[in-house]
Amino acid sequence: MTEAKANATVAAVRGTSDLAVHMEGVNKWYGAFHALNNVNLEVSRGERIVICGPSGSGKSTLIRCINQLEVIQQGRIVVDNHDLTAGGKNVDLVRQETGMVFQSFNLFPHMTVLENCTLAPMKVRGISKVEAEKTARRFLERVRIPEQAEKYPAQLSGGQQQRVAIARALCMNPKIMLFDEPTSALDPEMVKEVLDTMIDLAKEGMTMLCVTHEMGFARQVADRVIFMDRGEILEMGPPDTFFDNPKNERLKNFLGQIS
Amino acid sequence: MTEAKANATVAAVRGTSDLAVHMEGVNKWYGAFHALNNVNLEVSRGERIVICGPSGSGKSTLIRCINQLEVIQQGRIVVDNHDLTAGGKNVDLVRQETGMVFQSFNLFPHMTVLENCTLAPMKVRGISKVEAEKTARRFLERVRIPEQAEKYPAQLSGGQQQRVAIARALCMNPKIMLFDEPTSALDPEMVKEVLDTMIDLAKEGMTMLCVTHEMGFARQVADRVIFMDRGEILEMGPPDTFFDNPKNERLKNFLGQIS
Amino acid sequence: QTVETIKSAGTIKIGMMVDFPPFGIMNTSNEPDGYDADVAKLLGTEWGVKVQIVPVTGPNRIPYLQSNQVDLLVASLGITEERAKNVDFSQPYAGISIGVFGASDTKVSKPEDLSGKTIGVARASTQDTAVTKVAPKDAKIQRFDDDASAVQALLSGQVELIGVSNVVATQIEQAAPGRFDQKLQLSQQVQGIAVRKGSAELLTAVNAFVEKAKADGELNKIHEKWLGSPLPDFVAKK
Amino acid sequence: MYTFNFEPVLAGFDKLLIGALVTVQLSCAAMVIGLIVSILCAAGKTSRVAPLRWVIDAYIEIIRNTPFLVQIFFIFFGLPALGIRLSPNSAALVALVVNFGAYGTEIIRAGIESIQKGQIEAGTALGLSKLKIFRYIIMKPALRTVYPALTSQFIYLMLTSSVVSAISADDLAAAGNDLQSATFASFEVYIVITAMYLVMSIGFSAVFSMIEKVAFRYPLSR
Amino acid sequence: MLIRPFGWNEFLIIVMAAQWTIALSAIAFAGGGVGGLLIALARVSDARWPRLLATGFIRIFQGTPLLMQLFLVFFGMNILGFAINPWIAAAVALTLHASAFLGEIWRGCIEAIPPGQREAATALGLRYVNRMRYIILPQASRIAVAPTVGFLVQLIKGTSLAAIIGFTELTRQGQIINNATFSPFMVFGTVAAVYFVLCWPLSLLARRMEVKFSRSTTR
């Protein structure tokens, strides 16, 4: 930690920039296990990034560091001009400005869809209930399930639950959206409805980082695709070159397996 | 039940036949919910059937009726000339002649891979331990993980676990193999190794019924593909016509969603 | 059950309390001892049988007798009318006087003064009966499982007064010299050996034993030993 | 052969009913207060302040590994030495609360641990503070998963409360003991109060399942 | 003259009384183990009657105080003309009591085994006895260790109620000594300490097993 802080100071203050996310020399260990190995990544505002790689390669770890669900041991992460490694209030600010969608939805089972969407705006931002519900209904409309507002998560299909999770994140008005395999817990026929929602979001210019194996989606919306293995970023580039002209051996192998 | 028995009697005894599975007017309810609606299906020996359809359409229910993990309320099921609806010893015989592979592997966590494979042959067929282990090792070889025999399931990857599950079923020398979404709990890069194992099996002429959404696999090995929705079989045919020339509206819709 | 069957069996089972000093205690070698124990042993010697002492408690001693777990109770059982409906009593073999005790500065001189006071007693004991009889309605009687708890309640100030026998009172004096004194003398309570209802023949034999023990001074000796005084008149005479 | 005679029991039945009422009141009050104690202690056990965790651990271990009777003796006879004098019924209540609190803490802690990590992560990612996550996200589902354990612990508490007669509290067991010492109809009294305890525990089970239906209406996923 | 001080001798007497506590606990646990298994199996049975009977059994014995059960078994049997010695009475009552609780605990453990395990065993052709013997019970017994040991602690403390039928075990011995010494804090402090020494290692063991189990499942 002290080292990370020292780094942060050395790297000096750059002033506001166009970068949504800036990662520099990031290293993370779980005990002795090196989960992220010198990761460097710059994401511009409005950029859409897709991350892929084999299981255990550190994809989840990478995006979970961005809103500090995981703490890094070395390096520097700046999100929307808030230096996370400097600690303090910044972590709270970053969490309010990033929305996250998980593989397993993680809706709150004891709250209705509407309550799921209004909890954080009310308790974190202090917005009134009426106001919060208005916003929530707007976003539920946008993910095309306005009629499910009063239901409980368990009464929805997986695809519907994931769309609620997206709406819930959007209700906080985030500047960046993080997705961790949002479709891989879904039945095949529900994958499309969730991907469509994400494509809509991308079209509206949301900054997105998305871990996924849906290569069709990557080709369609990604500005850049990243391949990770054993905690390292091994290849990174626009979808065309990434898929049709992979350079890295392990990536070639990986693409062979998943298609 | 009485009705089912009456049916069975009416349908008269056909003598041994070439049919591996014969389902006739099968109806099943969970409480008030109609899970299988007048299902008729004949599977010849050596035939490979793939079943697909949206979630909750009754695919699992259908194949679980074949070894009577679920009991039907109406209709008749004959497996390898044993009339299940007649009850008695037949159920035990059928279970011994069918192997089943589940979505969630269901290996026994407190037994090694080898013990998983030898338990049923020893306790059900009364085969000696030495004999059972020899057979088990042969099948572990065939699914290409002979070196994992002494490990516990928790020490294996998902793909390896599923291959053990296949080997375990094969150790009982089944005449029919039932698969219930064998790859849908797997990480994408492990799907292929399990599908390859299944393709090998298919090539050796095993009678197979397989619920899966892997359409590549279906095209490659299926003799017939079946589409189910709301407990009914809506379309059934060889892969080419099934995928390229679907007649049923719901099937068209479904194929549009999953590709 | 008759004396004959007991004698031919060679042992007699006698229930006694072991938490009621000095009538029943466990001595330092953890054997039942005390006035009741000596009386029981004397009876055994008299009848030429072995005595098996069964420890009982205040609340369960009568069930023990009724359910044939013991042949006799030598369990400091005060002779009362209510009890006499359920068991048959011998003539008295012991007696205690019951009084109300309290802190020296508590003013009580007649039963009416108990009004509004809290009084601790051992549940189902003779003291319980005696205090309940005289106490005015608004006195609060708190019933504990045994005398020790009642005494502890007094010592810790949880109750203002307790109803106990003179014997226990001596012990309180030992434990807290000068702090407490007797407020009221309630009754003199005689205690009997109890047999199951309808065992007339056995009762006669027990009575004969008690009479003999009184006459030849054995009972007196035991009383001297445990209570430091001769058998009181109200027991001896009756 | 013993002949049963329930007449004296019936004559004193009103006293038994009053005793039963005291038992119900004591148990219910002990549960409500004990539940609050449990929740606070369970939350305290997740705290980063180590001494707080140690104190809570010591409390739990001491209570769970010593008999209730001894606990109640110390509270009734021992506390006056510290200047705290409680009436028998309040001492009984305090003892029951202390006892239920220790078991309840363990139960609720298990409930909290059963909450999937993803729930907490989702709350964190939304920017909610730890306290708010506990209050709004963890609390209710945690209580729901351990609800059966809590209710059976409560029934156990109610049955255990029969011991409070030892410090002259006037619960059902005390009423029964008084009645039997007055009438010596021991078996009759015991049979009747045993039946009364049974009725109370079945009654409570019924009430609890009603509460469950109202309080935890949200459906569980399959 | 009669109150004696609380000394080493009294301390030893109390400590020695723990042997009865241990003996009663052992009997209860052995009896409850067998009874509890039967109750648990009956509770998860497919057949209606065993299920109903087991449920009724549990209702009654979890719904009434152990004190009353002991009293009614001991005195009740004798009154009805079945001479019964206190050991048998204690064994019967404690066994009934422990069976109800262990049965309920173990049912939970059996039901915690994912249904897929039973289905996989069934699909392999294993029948009821083999399924239970080789698949369900071995797995259930692992998760059962912690709550079972936890209940054992409860049981050890519960045996103090056997005083009502004449056992001079730990608590009762304490009361007796207290009546001879009038030093309740020493006496009950000792009693509490002895219980603590008996129970705490078990509680620790239960906690350790619980942690171990939760680790092995979260992996």
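When the chains are written out, they are named A, B, C, D and E in that same order, and each has its own residue count from 1.
As a working rule, contacts are C-beta pairs under 8 Å (C-beta built on N, C-alpha and C of every residue); 3 or more make two chains touch, one makes a residue touch a chain.
Keep in mind that what you see is a predicted model, and the values were worked out from it rather than measured.
Among the remaining chains, those touching subunit C as well as subunit E are D. Chain copies subunit A and subunit B are related through a rotation whose angle, from the C-alpha fit, is 180° to the nearest 5.
With centres defined as mean CA coordinates, subunit E is found 45 Å away from subunit B. Mean C-alpha position of subunit A lies 38 Å from that of subunit B.
Annotation: 82 Å between the Cα-based centres of subunit A and subunit C.
Here the CA centre of subunit A is 52 Å from the CA centre of subunit E.
In subunit E, 71, 75, 79, 184 are the positions where the chain touches two or more neighbouring chains simultaneously. Among the residues of subunit C, those touching two or more other chains are numbered 59-60, 63, 66-67, 145, 152. All chain pairs in contact, by the document's touch criterion: A-B, A-D, B-E, C-D, C-E, D-E. Taken in their complex, subunit D has these residues touching subunit C: 2, 76-78, 80-81, 85, 88, 165-168, 174, 177-178, 180-184, 186-187.
Across the complex, subunit D is touched by residues 58-60, 62-63, 66-67, 82-83, 85-87, 120, 123-124, 128, 142-145, 149, 152-153, 156-158 of subunit C. Interface of subunit A with subunit D (complex): residues 67, 69, 92, 95-96, 98-100, 102, 104, 106-111, 119-120, 123-124, 152-155, 168-169, 172.
Those residues of subunit C lying in contact with subunit E across their complex are 18-22, 25-26, 28, 30, 54-57, 59-60, 63-64, 66-69, 145-148, 151-152, 170-171, 174-175, 228. For subunit D in complex with subunit E, the touching residues are 1-2, 61-62, 64-70, 73-74, 77-78, 113, 152, 155-156, 159-160, 162-163, 173, 186-187, 190-191, 193-194, 197-198, 201-202.
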